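Heads up, there are several structures right after this.
Both complexes below contain chain A, partnered by chain B and then by chain C.
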Partner chain A sequence: MKKRSISVFLGLGLVVLGSLWLLQRLLMPKYMGDIVEGALISEYYKETTDHDVIFVGDCEVYENFSPITMWEDYGITSYIRGSAQQLIWQSYYLLEETLKYEKPEAVVFNVLSMKYDTPQKEAYNRMTLDGMKWSKSKVDDIRASMMEDEEFADYVFPILRYHSRWQELTSDDFKYLFTKRPVSQSGYYMRIDVKPAQTFPKPKKLANYEFGENSWKYLEKMRELCEEKGIQLILVKAPSLYPAWYDEWEEQIKEYAKTYELPYYNFLELTDEIGIDFTQDTYDGGLHLNLSGAEKMGAYFGKILRDEFQIPDRRADETIASAWAEKCAAYYDMQKRQQEELDTYGYLKMFNSDKE
Partner chain B sequence: MLFTSYGFLAFLAAVLILYYTLCRRFQWQLLLAASYLFYYWSGPKNLIFIMVTTVTTYFAALKIGHYGEISAAYIKENKAKLTKEERKAYKAGMKKLQRKWMLACLFLNLGILAVLKYTNFAIANINFFLDAFHVGEPISFKNMILPMGISFYTFMAVGYLVDVYRGKYPAKRGLFSFALFISFFPQVVQGPISRFDDVSGDMWADHKFDGKAVSFGLQRILWGFFKKLVIADRILTAVNTIIHDPATYDGIYVFLGMMFYALELYADFTGGIDITIGTAELFGIHLKENFHRPYFSKNIAEYWRRWHITMGTWFTDYIFYPISVSDPMLRFNKFARRHFGEYIGKRMPVYTASAVVWFATGIWHGAAWNFIVWGMMNFVVLMVSQELEPCYKWFHKHFNVNGTLWYKIFQIIRTILLMSALRMFDCYRDVSLTFRMFGNMLVHSRIPQLFDGRFQTLGLAAADYLVLFIGLLILIVTSLIQRSGSVREKLAAKPLIVRFACWYGLFLAVLIFGAYGVGFDSSQFIYNQF
Partner chain C sequence: MILMIAALSMAGCGSNSGAGSTTAAKTEAVETTAAESRQAAETTAEASESAKEAELTGFTFITGDTVIAMNADAAPILEELGEWENYVETTSCAFKGLDKTYSYPGFDLYTYPLDGKDNVNSVYFVDDTVSTPEGIHIGSTKEEMEAAYGTDYEEEFGAYTYTKDKSKLQFLVTDGVIDSVEYTAITPAA
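And now, the complex of A and B:
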């Protein structure tokens, strides 16, 4: 009798846990439709080979650099650990986590996120944090990122956060219940469409141009972490025309780089040399580069990485070459699919379902 | 700390585990520590007020009890020596002493309540007259703190003190154990207004872990969560939209708002009490029920016997009866009978005492005229229905409808409509606006207004209405089942698979359809503010 009771109890427990797990998976956003940025972070865990270069930062890294070009041109293996409005502490903790899996030669950090000293938006937090595997880095990242109205428990049990999505479920939620399709190639988010750069409003005058204490703290932590691990930290400012990058900010970064002898590249000042044409190389009017622009950036920066930092050419390594061959195939396949959509509809349907 | 917050659930789980793992001798001490910690989180300064009420009531009751004991011992000892008159005189003298202590303590504690809760209301009224008569400068409002649950714990303390004075039970010995009665964390937020003798059997006893009691407690809490999160907090959006924009939402929307609020208030308040009672049950403590399916009442008097029962009985026992049997009232009774005849003279003292009770009920709910008018309107409706009793009798004599199902349903709907209409004072929080909107509802309500586009702007989607409709059905069905006994007991007798399906289904309903977390404004329980 007692044995039977234990079996029943265990059976019901399994039903409860199984159904809750299933419900949680169903209700969590899949980021497979218009907004795929939320799926970027988790894709890293599917990588089979190590990387020599790790990018961390916001949309200015995952939309502006093509790792495939860097591989094809220079044999550089790289991965972009970026997500939408990724704050500097999120970049730091993602880097900390990445270094538990591998030890790259160089880490590239895009400095735009220095402008944010406090958590900004819950939706962006979730896009960065939900995809991370559980680790101390994730816990610290959540604690650093939570907005006032957020609860830690909502990250531990995402069903508590997404329970109200039952009203918004689409076929994608069922289709990608257990497996998702890849949305990036080595963390790069591809867009092949073109929308020439527009005129942006004159940058607003700021009351204070000093980067915040928190931003400096995490930049410092990032520098120390790289130093401790013997990794070259490279600071960059991607060539996005908007949001504004102020001269005062530029000076502070330059000063910091000089103090700690860190390389710093402001690609906004190098667009002519790179060959970026903002009438052709951006898909959203100058905020982010399209594939053509990202490939130009990849070619240009890849050369710097090879020549200035001696990042090795791994094309002779069969295992790595085979893994990257698959990535290249996926890259060109995505390019082809986007081109077909562009030819058929005149826009990228996969990112604009509302136009249907 | 909100009952529906993760913090409260974590706190409750921790206290519960400690409660049944610690030595049983220390169970009530643990509850006291937990209660004071819980109260501390509402604001450290608040502790001072609850401590003052606890200490003063405790010592005043001891003193009253002490005089009572002295009196009884003296009379017993000197029974043979004293004449009946001497005994009576001695008793009266001691009673006077007891009354002094009681009145001093009541004055202090009700004074604290009055000052903290009603000072700004008094200032607002004084300023109104100063302005009307162009006299002097307006008085500036004071920044008063309102300690959590002050109305509830003050009433509990007053009830205890008066009961000791009346000799209903002896004064409790042990300041800390008495402190638990006043501060017990599940009930300090929004009641019920417990009586000392109702909980004293459970509160300080040793409690062995009882699986059934704990699971019943958890079930009751879950049911409360369902009412609060799935129904009350979901419909809240539409209620707020309607009452905060009376210019846009007039006509039939006033009626809709009125009915939505009736549902919200019921689900919110009874849900909160379910959580309170369920939480207490987890610790083996049984609190008084505060509701008895009030929306099944067939008239307003019955409704008030079934809604917020502990408040109603408190006002009856500690205001209505004392006023009714007080010397001035007995004199007034004689005077009224002599001057206005038997019929009116008999009613006038009763109605006077009732008016005082309803005025107090109104102002207890909030320091604002809308609450006072709401209370007095309840009194008027009760008085009118009492006076119309002969008409009802005539009607029932000539039309044989009494007792039929349809007539019962009519009576229930009539009571719900009447109570909901009165609650408009609570909704709009402004007396003249409430009268205006009530008139607007009666004159301008048209069914087609529901299809003029405003309905879609209430903040609820079709799916929300579906959830509310199903939630309401579940409430009604549960209430119907409850008429023949405890739903939990009935379910407990069912096969495991049925029990599991019901309770796990309810848990999933709360988890998925509850209005909580990011994207929802977590709403305070309505009765927390009192």
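And now, the complex of A and C:
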């Protein structure tokens, strides 16, 4: 009798926990609609082969470099572990976590996020952190990222944060309850539309151009981690025309790179050499490159990776080649779908569902 | 599961649904009598007037006859200002809506989107041809600034920031001379 009671109790407990788990999955944002960036981080865990190059950073990495071009032109395997407004400590912890899965030859970090010394926005935190698998790196990342009004428990039990989303549930929340469709190709977010670069206003003067202590701390941690693992850290500034990249910031990065003999490429200064045409190669007026621009960047940077850093050509490896053949197929399929939408609607409906 | 959703909704804190949610247009059918409609309209008008007054209690920039308050609806202001010299729209990563910048002689006007409207986010002086209503401009001295606004400011790295209601007015001072002036809105949480 007692055993039966315990069994019933345990059974009920499992049902309740299972229901709560299911409810949590339902209420969490899926990022399968117009805004897909929140789905980027978790896609990494579906990778089946290792990568010789790992990118970390914000939208300036996941929109400006084509891993497929680097593969097709040079046989370079890469993955962009980027996310929207990824902060430098988030880049560090993502890198730390990535190195538990694989050891790349090189890590590429976009330096724009050095400008953010403190947590910025809960919504962006969520887009990076919710997609990470649970690990010490994730715990440390959450602790480093939380805004003042955030609670750690809300990350452990996201239902606490998203419970009010029940009012905004859509069919996508049910459709993607257990699995999601891919939104990137090796972490690259594709946009084929074109919006020529604008004439941006003169950058505002700042009271203080010095990068903060926290930013330097995590850049140091990143450098030391790469050094310890025998990985080449490469600093880059992507060729985004806005927001402003101040000369004073540039000098600090150059000084740091010089001190530690790190390679640093400011692609803003190399756009002519790369062949970027800001009337054609950007989809949002110069903030980010479109596919055409990202492929030019991939071709240019891929050559640097091969020639300067001897990143190997893996095309002879059948397992890797097979995995990348699938990636290429998905990449060109996405390009085709976007082209069809452009031809039909004049804009990308997949990212602008509310546009008439 | 349905009971749990119901329970959670009642416990809802009314907080924002969080990142990634789209802002859907919500319509609500309301049946009112003619008297209730009139009362509603009066209440709305009073609220608008109050809101307008609230906007104008913060720092305001005046150019010609146009008063620019922070967080104000940008549309009527832009109409009054007339043709701009340059226009830029930018998006934030992973968010809908455009931040817009309008350039006029002497200043840039920045807006942010909220609930379907563009609101004034900031006014930034680009040269010394414009002044605050209190007469401070790029090139004014720190003493002139203090004479105009007092010393109840926050200072960090030579940035002197005054706060008034839902607005800030910041002056960057280098060697005792103002080289940057900016009005900024303290924006409501999105």
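Definition applied: the second predicted complex is superposed on the first by the 355 of 356 C-alpha atoms of A that agree within 3 Å, B and C clash if a C-alpha of one lies under 4 Å from a C-alpha of the other, contacts with A are read in each partner's own complex, and residues count from 1 in each chain.
By our rule, contacts are C-beta pairs under 8 Å (C-beta built on N, C-alpha and C of every residue); 3 or more make two chains touch, one makes a residue touch a chain.
Given the structure is predicted, the values throughout are model-derived calculations rather than measurements.
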Which superposed partner A:23 touches (first chain B, second chain C, both, neither): both
Touching partner for A:276 - first (chain B), second (chain C), both, neither: neither
Which of chain B and chain C A:198 touches, first, second, both or neither: second
First (chain B), second (chain C), both or neither touched by A:122: both
Touching partner for A:242 - first (chain B), second (chain C), both, neither: second
Contacts of A:164 with chain B and chain C, given as first, second, both or neither: both
Contacts of A:257 with chain B and chain C, given as first, second, both or neither: neither
Chain A residues touched by each partner, larger count belonging to chain B or chain C: C
Footprint overlap on chain A, where chain B in one structure and chain C in the other make contact: 19, 23, 122, 159, 161, 163-164, 166-167
Chain B-touching residues of chain A, taken from the complex the two chains share: 8, 12, 16, 19, 23, 27, 122, 149-151, 153-154, 159-161, 163-164, 166-167
For the chain C and chain A complex, residues of the former touching the latter: 1, 4-5, 8-9, 11-22, 24, 86-96, 101, 103, 108, 124, 126, 156-159, 172, 179-180, 182
Contact set on chain B toward chain A in their complex: 6, 461, 463, 496, 500, 504, 508, 511-520
Residues of chain A touching chain C in the complex: 19-20, 22-23, 29-31, 33-35, 37-38, 58-59, 84-85, 122-124, 126-127, 159, 161-168, 198-202, 204-208, 242, 284-285, 287, 354
